[in-house]
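Each in structure tokens, the structures are laid out below.
Below are two complexes that have subunit A in common, paired first with subunit B and then with subunit C.
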Partner chain A sequence: MRKHWTIFKIGLVNSLAYPAELIMRSGMILIFMWVFFQLWRVTFASSGSETINGLSLRDTMWYLLLAETLELGRPRLARTISDQVKDGSIAYILNKPYHFLLYQFSNGLGESLPRMASLFLLGAGLVWSMAGPPPPLANWPLAFLALAFAWILHFCVNCLIGLAAFIAEEVAPFEWIYQKLVFILGGMLIPLDFYPAWLQTIARSLPFAYMMYGPARLFVRPDPVLTGQIYLGQAIWLLVLTGILILAFHRGMRRLAINGG
Partner chain B sequence: MADEPTLTGSPHSAHTRAGQRGLLPFLLALWKANLAAALEFRVAFISQTLGMILNDGVYFVVWILFFDRFPTVRGWGLTDMFLVFGISASAFGLAGLLFGNAFNLGDIIVRGRLDYYLSLPRPVLLHVLTSRVTPSGLGDFLYGFLSYFASGQFTPAGLGRFVVAVILAMIVFVAFLVLIQSLAFWLGTGGAFTGLAINAIITFALYPITLFERGAKLILFLVIPAAFMGAVPAGFVRAFDWGTIGLMALGACGFLAFGAGLFQLGLRRYESGSAIQTEV
Partner chain C sequence: MPAIEISDLTKTFRTKRKAAGLQASLASLFRPQYQSVEAVRQLSFEMEQGELLGFIGPNGAGKSTTIKILTGILFPTSGEARVLGFVPWKQRQRLAYHIGTVFGQRPQLWYHLPAIDTFNLFGKIYEMDDRETKRRIQYLAEAFEIQNLLETPVRKLSLGQRMRCEVAASLIHKPKLLLLDEPSIGLDVVAKQHIRDSIRDMANRENVGVLLTSHDAGDLEALCKRVIIVNHGQIVYQDKVSALKRAYLTSKLIEVRYAQQVAEDFHIRGTETIKVAKERYGVKLKFDTEKTPVEKVMAAISAAGTLVDITISDPPLEEVIAAIYEMGERR
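Up next is the complex of A and B:
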């Protein structure tokens, strides 16, 4: 456990080594949130109602902020792992006294946390000034716990895509399409509440909703039933995806051929 | 540097003039070689092309869902989005196919990798930009046409206008990338800023321009030229208008002049550690 904590700290230090770069990269959330505000401000105004399907403009903006924070702040592990598989550098991690997947988890978390914090703080300032104050503090623990589970779900899928390099020459298309499925079925650009009922049903039965919609929705409008549904969904998908990931990792290791060094 | 390289070439010798005479054959040969290199990894090339078409198509579903729920945004509807998305995707893809290094020019400058191009009797900027192909660009380029056909605005003349619009939008986009990344000559770094700039122009180009008020629109024409990648060319595809094509041409020439001019200015400050590098 201590060695993974050390790996986490190294990732954290790496991420914080260039604060100007970190803030510059986080700056893109300002563009996205400003554009989203223009879109939803006009949309709410033309709907002639304060709320759409239970969400106000303020709720929608804070929902989108949390979703964007997760999307822009999560590590792009698929590309890293697939490069390691393709160029053989995976061998240098495998022969160290730590588990490959736990190494990626600790390092990825260390790099991701400062990025997410920076994105959230920058974005929150803008959203607060445009749309109003954040949701009540009581919502925050529920949302941030769901955010942590969502991060792990993303981690599992990213690792699976990266490990696909054992069998596919190019994994980038998998990554693009996965990201777009999160955009749509995860409710990243439009909250799932605004979708037609049939699509909401489909989305809620897939993992993407628990990777994005869950934490963002709990942040703005939690209710006991929804909270239970989201945590249960996350738990089920965590079990399923972790199982598949461990299986895929062991299969991949059996295919791995290392020739010298 | 005693002999400053110019935008169109280094005035070192008669090689330059010979190089300029054969500029088009040189570019064609370079593009052909780039394509051949990309096709060496045929499965990766095809999967990236098809993957990008699918990726763009899936992304557009967001707009279909949005306009299904909210049919217009200040007069802007799904048809407009098909056109804007089509032009932006094709222009973005064409930039990657023909001028692939436009996306990492800043990195080339910072790492001192311009040495290679400076030593050759070819226009430096053009040579750098065309020395790389982004395989997924073909997917974006083709998807743009699919989006245009799906818009319900297809006519043979409209297709001609679409092609013109894509070329002019691509010039603006590449020029903007050159402009932004030439700042690396002064800043010494540029990765994060480049990413920010690319995200900004693409994001603004893909959203209805009717969302933005007058001040913001001015920025989208003069600072982040997203209007020239989306709304303006979309208007031209819908109906021919001399004013619109004039505006597009002016935007393309203006940003190209600014981009190339700044690169040229930056080149005077360029230094490298004479590192041994291999261009592959």
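Up next is the complex of A and C:
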């Protein structure tokens, strides 16, 4: 545990090596949130109602802020692992006395946290000024706990795509498909509440909803039933994906081919 | 117990084959073709604890693949291997506590952070006590003369400085075996010498076994007692470095400088004239000691004029190794 804590800390320090770059990169959330606000303001105005399926414009904007924070702040592990296989540097990660997956987890978390904090703080300032104050503080603990589980779910899927590089090397197409599934079925661009019932049913039976919609929805409009459903869904998918990931890692190791000798 | 025992080790990679052009690219989408490449072929050797062993060969000979199998990163296709008593691909993490590795072309130090951060991280990873890590860093910093480099971000170090830090980092946990894959690649002459001296001193002081792969015969001469030469995944030669020199370095190079000018077609019986200097005071000769006795050549050289200077040397080891590679090709 002590070694993984140190790996987490060095990942954190590494991501803070260039603070100006971190803030500049995070600045793109301002553009996204401004565009979202213009689109949803027109949508709500044309609907003639204060709310759409239970969510107000303010709820929608804070929902989108949390979803964007996770999407832009999560580590791009699939690409990282693929690059490590391509340039051979994975040899150094695999020959140390720690578990490869826990190393990626600790390092990824260390690199991701400052980015997510920076994205959220910058975006929150803009959303507050455009759409109104954030959801009540009582919503935050459960939402951020679900956000942590959602981060782990993303980690599992990203690692699985990254492990494909042990065999296929190029994983960009898999990552692209995954990202688009999160955009649509995860409710990243549009909250799932705005979808027709049949599409909501499909989305809720897949892991993507628990990786994006779950924490963002709990942030703005939590209710006991939904909270239970989201935590249960996250727990089930965590078990399934972690199991697949561990199995895939041990299978992948047998087939690993490293470039450069 | 030997540090390394390898028996009939084979590693085959399956790679995709595709002819040039659009048509071939489209065809390979529907009917991909694969070929098997044997990177390592039935390799067998042993290395004693504390031994300095050179493992050399041309590009694609299977050196790096063998090192990666020995560290447990790659699974072999067949054969057996034990490193310090561990089967690397089955006991990778346990073995990791006892070996250090440097892959010369890949950095293990965190690029944006000072080297000291990576050193401390490795101390934790190898489960060392904080005080022990601190003492060890001080010791290695002195041994590798990197005291003033430790707090500089790695990206700002020269390649030679970085490599000294890389090798020092691989020794932080006092490994019993050091696997060095091209540690001097890309370094200038001074940096190479520096890193060779540091590795040799550390190996002697701590009785660390060193398995070294290199393209540079200078590394071999400076560091290793025994050498294994591989080509196409197989051993083509193995013996002591001194025996390699004796067996293959039968020819000598002689550079002579006379007080007076020599003839343009200067020649001494039993030797080959490689070069007569432009101003005709100096000549370079080569001869085979097994065909022409040294004293005969020396007598003829002295008789040819008044000597100002004379240097006798072996041909570069690179030439010898190239000859052995060629022998391997012909087999």
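Note that in this section the second predicted complex is superposed on the first by the 255 of 261 C-alpha atoms of A that agree within 3 Å, B and C clash if a C-alpha of one lies under 4 Å from a C-alpha of the other, contacts with A are read in each partner's own complex, and residues count from 1 in each chain.
In this section, a residue touches a chain if its C-beta (ideal position, glycine included) is under 8 Å from a C-beta of that chain, and two chains touch if they have at least 3 such contacts.
Keep in mind that what you see is a predicted model, and the values were worked out from it rather than measured.
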Contacts of A:2 with subunit B and subunit C, given as first, second, both or neither: second
Which of subunit B and subunit C A:47 touches, first, second, both or neither: first
Partner chain(s) touched by A:13 [first = subunit B, second = subunit C, both, neither]: second
Touched partner set for A:38, first subunit B, second subunit C, both or neither: first
Overlap of the subunit B and subunit C footprints on subunit A, listed as residue numbers: none
Interface residues, subunit A side, partner subunit B - complex: 21, 24-25, 27-28, 31-32, 35, 38-39, 42-43, 46-47, 168-170, 172-174, 176-177, 179-181, 183-184, 189-190, 194-196, 199
Contacting residues of subunit A [partner subunit C, same complex]: 2-3, 6-7, 10, 13-14, 17-18, 87-92, 94-99, 253-254, 256-258, 260-261
Interface residues, subunit C side, partner subunit A - complex: 13, 63-65, 67-68, 71-75, 92-94, 96-97, 99, 101, 103, 105-108, 110, 112-113, 117-118, 120-121, 124-127, 153, 181
Touching residues (chain side subunit B, partner subunit A) in the complex: 41, 43-44, 47-48, 50-52, 54-55, 58-59, 61-62, 65-66, 68-70, 72-74, 136, 189, 191-193, 195-196, 199-200, 203-204, 207-208, 210-212, 216
